[in-house]
Amino acid sequence: MATTLDCPIMGNYFGTARMRHVFDTRQLLQSWFEVWACLAEAEAEVGIIPTEAAEAIRRAAESGHFDANEIAQEGKVGRHLLLPAINALAREAGDAGRYVHWGSTTQDITDTGAVLQIKAALDIVEPAIRRLIDILIRQTKKYGDLPMAGRTHWQHAVPITLGLKLAQWIEELQRHSERLAHCRKLVLVAQIGGAGGTMASMGPKALAVRAAFCRRIGLGEPDTSWFGSRDRLGELVSVLGMVAATIEKIDLEVGRLASTEINELREPRHATQVGSSTMPQKHNPIICEQSAAGCKIVRGMVSMMLEVMVGCHERDWSSVAVEALVIPQAFIVLDGALQFTETILDGLQVFPERMAENLAISKGGINAEAVMYGLARSLGRTRAHDIMVDVARKAGEGRRDLIEVLLEEHREVTDMLSKEQLAELVSPQNHLGIANEVVEKILSRQAGARTEGSRAREKR
Amino acid sequence: MATTLDCPIMGNYFGTARMRHVFDTRQLLQSWFEVWACLAEAEAEVGIIPTEAAEAIRRAAESGHFDANEIAQEGKVGRHLLLPAINALAREAGDAGRYVHWGSTTQDITDTGAVLQIKAALDIVEPAIRRLIDILIRQTKKYGDLPMAGRTHWQHAVPITLGLKLAQWIEELQRHSERLAHCRKLVLVAQIGGAGGTMASMGPKALAVRAAFCRRIGLGEPDTSWFGSRDRLGELVSVLGMVAATIEKIDLEVGRLASTEINELREPRHATQVGSSTMPQKHNPIICEQSAAGCKIVRGMVSMMLEVMVGCHERDWSSVAVEALVIPQAFIVLDGALQFTETILDGLQVFPERMAENLAISKGGINAEAVMYGLARSLGRTRAHDIMVDVARKAGEGRRDLIEVLLEEHREVTDMLSKEQLAELVSPQNHLGIANEVVEKILSRQAGARTEGSRAREKR
Amino acid sequence: MATTLDCPIMGNYFGTARMRHVFDTRQLLQSWFEVWACLAEAEAEVGIIPTEAAEAIRRAAESGHFDANEIAQEGKVGRHLLLPAINALAREAGDAGRYVHWGSTTQDITDTGAVLQIKAALDIVEPAIRRLIDILIRQTKKYGDLPMAGRTHWQHAVPITLGLKLAQWIEELQRHSERLAHCRKLVLVAQIGGAGGTMASMGPKALAVRAAFCRRIGLGEPDTSWFGSRDRLGELVSVLGMVAATIEKIDLEVGRLASTEINELREPRHATQVGSSTMPQKHNPIICEQSAAGCKIVRGMVSMMLEVMVGCHERDWSSVAVEALVIPQAFIVLDGALQFTETILDGLQVFPERMAENLAISKGGINAEAVMYGLARSLGRTRAHDIMVDVARKAGEGRRDLIEVLLEEHREVTDMLSKEQLAELVSPQNHLGIANEVVEKILSRQAGARTEGSRAREKR
Amino acid sequence: MATTLDCPIMGNYFGTARMRHVFDTRQLLQSWFEVWACLAEAEAEVGIIPTEAAEAIRRAAESGHFDANEIAQEGKVGRHLLLPAINALAREAGDAGRYVHWGSTTQDITDTGAVLQIKAALDIVEPAIRRLIDILIRQTKKYGDLPMAGRTHWQHAVPITLGLKLAQWIEELQRHSERLAHCRKLVLVAQIGGAGGTMASMGPKALAVRAAFCRRIGLGEPDTSWFGSRDRLGELVSVLGMVAATIEKIDLEVGRLASTEINELREPRHATQVGSSTMPQKHNPIICEQSAAGCKIVRGMVSMMLEVMVGCHERDWSSVAVEALVIPQAFIVLDGALQFTETILDGLQVFPERMAENLAISKGGINAEAVMYGLARSLGRTRAHDIMVDVARKAGEGRRDLIEVLLEEHREVTDMLSKEQLAELVSPQNHLGIANEVVEKILSRQAGARTEGSRAREKR
């Protein structure tokens, strides 16, 4: 039976089946076999090994005749990560087996294989982020103009709209999406350097082999081997860590806004779902929390990858071996959080009447800035600020209405404003500033990007 | 098929079967069942539930009639971590099932269950560290007085002995051993607080239930619930991280001293072992490197647990859920490193002739300090230092013998010393200072501790 | 002008003057001079250098005739951290100058000097933590039995008391206090090893010098040098990081409970204090937030120290040099947080009526568990849980009273309970369980510890 | 007197004066004043405040009539970070003072001010990286074709050239350069959102104010406020952390290659420089080590910034306050490392004869792969590998010449190769593969980029 990530029970809470599949034993081996097949084909193309050998290796690689447990068992004995798989493939390839791994070194295979898995992982993560953006767009269109309390330092600040909150998430995810697109270009390169990055074992046609290999395997061709240059992977996991930070922020915000006292948002809930094993009234935002926990883990893994970048000499297994655990885990746990968050946002419950009630609980306090600027036009900002600090303090202490206290205590200044003017100043609706314009701009920019994107996809 | 930690191929490189077993699905479930059984027994003892109910729950808990996959499947539907297991146990317990989980809350079960697993994990890690110490003692006794180059800033400094290096590792591991013993006392406490730490659902006999429960389950009784006080676990993983740092230091030192140029130590090698898939001459310290990589991961997880400590309000699942991945993984990966390092140190290859050769490569340079102090007695430290800096520079540049240059360039001062005195000054053997005394002291302290320890064990 | 930590503006927000003083240039230099003086005295005591030389060095070390800027300037030229200070001290010591730094190496001085500074820093941090505990004891005695909502997953769970919350903080701080006491013993050791830890340059009386040196400087004597064994410092900063995590938890809890919707606690506020530059109603928990920010930084520094532990060979400046920034900063920033938190807890504003109001907002929901167990006695836990989940859902949706809904919808079961019994079940006061007993136990244990502590201090 | 970063002694070891200047108190204040001046001018332009007021505020902002200590003192009393500076500026601006900070909130000022400082810091860091690239290009041209041992797993692998090592550093730094350019565009945006990001206090012309403000202050205009969206800063510090990792790798590689046994490279050394306070022969790579230590600190700060990204609600001071320490420190410490590394690479000492000697120490072992492929053409890779593993083992154990052993033990296969062919196989010069082609390609790409870059600069 497996531990956390692959445990049938805990695995529901960390990661997704789709992403575990990308990094499981079968895919690990298959990615290596694919690298060996492409390598052989490239070498045959250039004339270093016989064409029939390459064909036999390709057939063997795709045969599916491999028993991971057997290969693993052989690995235990000899303590070389790759040789058991080389041997298995060579056996399957018959005579051509002698050409398996020709001119190559272990890290050529493990690195290129890992990049193939990363490619598959990015093909899951990138659309998942785009789906979150799409859902947020839909929810923003639906609920965007709802006024609610803006909260800073945990306290009511001024009114905002739900749309402003959601649109900022859209923007942040959009920037991550672009960061990942940039990463993808850098990171999806093959590794082929031979023992020391010189490809000396390939002979004079080495560069031609490299070009053919990269073309066949569908990855970029690096100027030089990156055995000891792990910045591309460091950046990748850093960006995953940043995505996690944003996802965590979203999850925690939904969870906090679902608190008993605030209760403005809620994650969706199955009809049969039970909130607590002991408290019947509970409606715990458990998806939010579980997702946020996963994000903490992903964030925490970034520092490991930055340390890996420092490895010594031409190749340093004591560093790069870290990647074999960290990269799969970062993708698996992050994808769990992405899927959880998709569920949360897709089925987000919104309670407008609670938002309105909460806007009112400070009896005008949330509009104290608006009133201050109403006065400031005649009194100057400093005087107006001093007066309103006094008013807000007294209103707060007595839990009284802000305007009432203002009228009572500072009649000299309120004489300048009509009752209607004062009423207008304390209406949250009148103090939303540019919220709606900002939201519209972000939505229309997204609409533009979508159109461009789909046009670009059509062209392909 | 599973991913890294549980993958049959990569799992050979990270972690051990013995530790994976502690944290696998079966043990996870079984630890929960044990908690429920003890809870029921404690409640029956105090008179809150019927004795027969407790007996039935105990029988059910030990029946082994559970299908983890089925329980997991039920979890997917309802999104409550524990209810499927509660239901499974309750079904098995028949009528007594209504008393399963009585008065308890989810985190009582998951926390206490986790502590049971931690106890089993510590029972593996602590002896593993003691075995490392024992091996180091044996190697120190065998090789302790071999002189070798002491290296600071990557450069030869002064001669030391291999024993001095090993004894410092003994000391550091010994301190970790004591830290873990301290942790163990703190961390092996049960969790029983009910929904909010008040045990209100247990009624007036709550404290008696708590005492009985902790006694039965064999864990300490905390003064209060620690739902929101995770410092014990934070400390535990910090100490695991510190152990990892020491293990990594040892691994890397062996690996570095196995480098082509130094070649004084080597990790053991199977007769059939292959160093590289392409370079026949290689004798890569692959166990050292793989172990060190695991240690980097363990160290990197400490910050996650410190963040978990900050969780909010009475209980915060978005924090504590992190532990379900981090704690098992820290133990599993660390245990892999411990086992690797046991192999390394147990079969450590030592090359005394290489040590002697390396001591000589600086042609006396490594004894420049000794010569300086030889001169300093008459010339003062500053003057002697200036002269020897000049001599060492010229000797180094010309790759000449230190004493030769000294005699040639500073005859005025060397006149004060006889040829024999000079020869003595440049003999590494004469410049080992307190190395042997220190090593003996550390060894005899260990011998004392062993005796005490075994006496203490006998008494039990 | 200085940057953040020493900046007159930002310095108010990070750190304290008292702790900056411990680690400023003057103390850095003075700690080195003290080490050299004690070293000379120890060497004189053993007969390695003349007594008058040691006396002259001591006088020079205490003369105060040093210009840090001048010493720093000399350092720029020669790129050796210590030589300018050695030279300055030697010049001041006249003829005895030749005996300054006799037999020693740079890291002997910098390490022992750092330990002297750490000692002074611990002398600030440890009492600061004890003061926090004392304040928490006082507040617990004053407010301990106030019922308030216990919150799990950000939602009302069951009633607790404020005392239960505070007492858990006391416990956690108490454990940190013990951890620091343990650290102190380990970390307050002198460093004296000479170039390679062998003290070879000290000649045959090396061990006697070591003993005398450690005695004179008032630090423990290590069995061997710890140039390359940094676990003591690693543990120290880990514990500081754990203290920071607890402090941050306290700060954030006060800050969250000061939120507009909850408003049960507040940090103290000066009469003249302004909450926001623009929002007059604001009462931002700015001390809580600033303190929490500092704690995040301290926590984040732990991983750096764990990495330092891995350093290579006998001494590794590329690792230990990290400590020169990290240790002072960890202490300075943590002390800022400790002082902020002392202010917060000492002047903590508590609003009992708000706690009572919040307990009521769920109209009985917070007592759903109590009602469930009321029913469970006759119906079994599962049936009672099912009924109450139904009741709580309907009550929540309609924002109706829990008991009202129960009576209306499940008359068959409520017939078993009298109206009085039902009323009792939904009184928070009746559902506090062992809260008060736990708090009393913790307070009395603290009282015991205080008495013991003061008795112990009297004995000295 | 100041602590580490600003300490006259330790400050030489961490950071640079040029970067400390960017983040010192004077610049902190001046950046705020600049923000207020631009804000007033923008508001005057749009017609919200009088033009004369804006002019007076601008004059005041540039007057230099401010005493940081006095402002700091006022801050201590009122615990508001900005009000003392607002008051100071307002006093200086006379009647116009009432318009200082009009419509704005604290974080508008601190965030935009911080971005101005970041801009100045990037103007130092980016050219510093380009200078490193230029120096590396120069050294590669000079030494690029020197053959040396390629080292993997700390052991000789196959021959490479020094150029290949340096060119990979060029590539990595070049990628960082591009990452920073990308960051720069994202991060150099102004912050202007008013209390909650809605700019409500600016009235209907808010968007016009925003546009004018961003134009005047020379920063990008964000679609919405980023009070709670800190991903730009998170990315910035992540990239600084990655730069640090690369710099550290370079430093450590130079330091390791300067080790007594290898001794192929050395950092430059002043004529007057002293290597050790006690060991005359030492030539410690102290600049490498100090620089690497700084890099460790910078890397370690990344996780703090990822955590800051998670902050709660619309603005969260307990998160963003972290930036005030982390961002300056990351820049200051990194710039120290960059400057140290410039010194190291600019004056890099290269010892070609040592490289040649080291290539020979394995007596052909480093060419075992070449010999294997020489045989593999006729024997197949597997057979050839088996033979050469046997040969290399025997040669290594007996410290004998590889070819000699091959001829002696496997005459059957060596008959296929002439003596000349065998000799060719063990010449490192013949086993450099594509090293030179790769280096040339990288250099010519850099030359192209330079030309383009300078052309682009001319066009401006």
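First chain written, first letter: the chains are A, B, C and D, and each begins at residue 1.
Definition applied: a residue touches a chain if its C-beta (ideal position, glycine included) is under 8 Å from a C-beta of that chain, and two chains touch if they have at least 3 such contacts.
Keep in mind it's a predicted model, so treat the numbers as computed, not measured.
S.K.: By the contact definition above, name the pair with the higher C-beta contact count: A-D or B-D.
M.R.: A-D
S.K.: Identify which chain pair among C-D, A-C or B-C reproduces the interface of A-B, meaning that over half of its contact pairs, matched by residue number, are the same.
M.R.: C-D
S.K.: Where the centres are mean C-alpha positions, what is the separation of chain A from chain D, in Å?
M.R.: 25
S.K.: For chain B and chain D, let me know how many angstrom lie between their CA-based centres, rounded off.
M.R.: Their C-alpha centroids are separated by 33 Å.
S.K.: Out of chain B, which residues touch more than one other chain, so two or more?
M.R.: Each of 101, 103, 151-154, 157-158, 194-195, 201, 252, 255-256, 274-276, 278-279, 284, 286, 289, 300, 303, 307, 316-317, 369 in chain B touches at least two other chains.
S.K.: Write out the stretch or stretches of chain A touching chain D in their complex.
M.R.: Listed in rising order, the residues of chain A that touch chain D are 90, 97-103, 150-154, 157-160, 164-165, 167-168, 171-172, 175-176, 179, 182, 186, 194-203, 206-207, 210, 223-224, 226-229, 231-232, 234-235, 238, 241-242, 244-246, 248-249, 252-253, 256, 295, 299-300, 302-303, 306-307, 309-317, 369-370, 373, 380-383, 431-435, 437-438, 441-442, 445.
S.K.: Touching chain A in the complex: which residues of chain C?
M.R.: Contact set of chain C toward chain A: 149, 151-158, 255-256, 258-262, 274-276, 278-286, 289, 303, 307, 358, 361-362, 365-366, 368-369, 372, 385, 388-389, 391-392, 395-396, 402.
S.K.: Mind listing the chain A positions that touch chain B in their complex?
M.R.: These residues of chain A touch chain B: 1-14, 20, 23-26, 28-29, 68-69, 71-73, 75-83, 85-86, 101, 104-106, 194-195, 201, 251-252, 255, 270, 272-279, 284, 286-290, 292-294, 296-297, 300-301, 303-304, 307-308, 316-322, 324-326, 328-329, 332-333.
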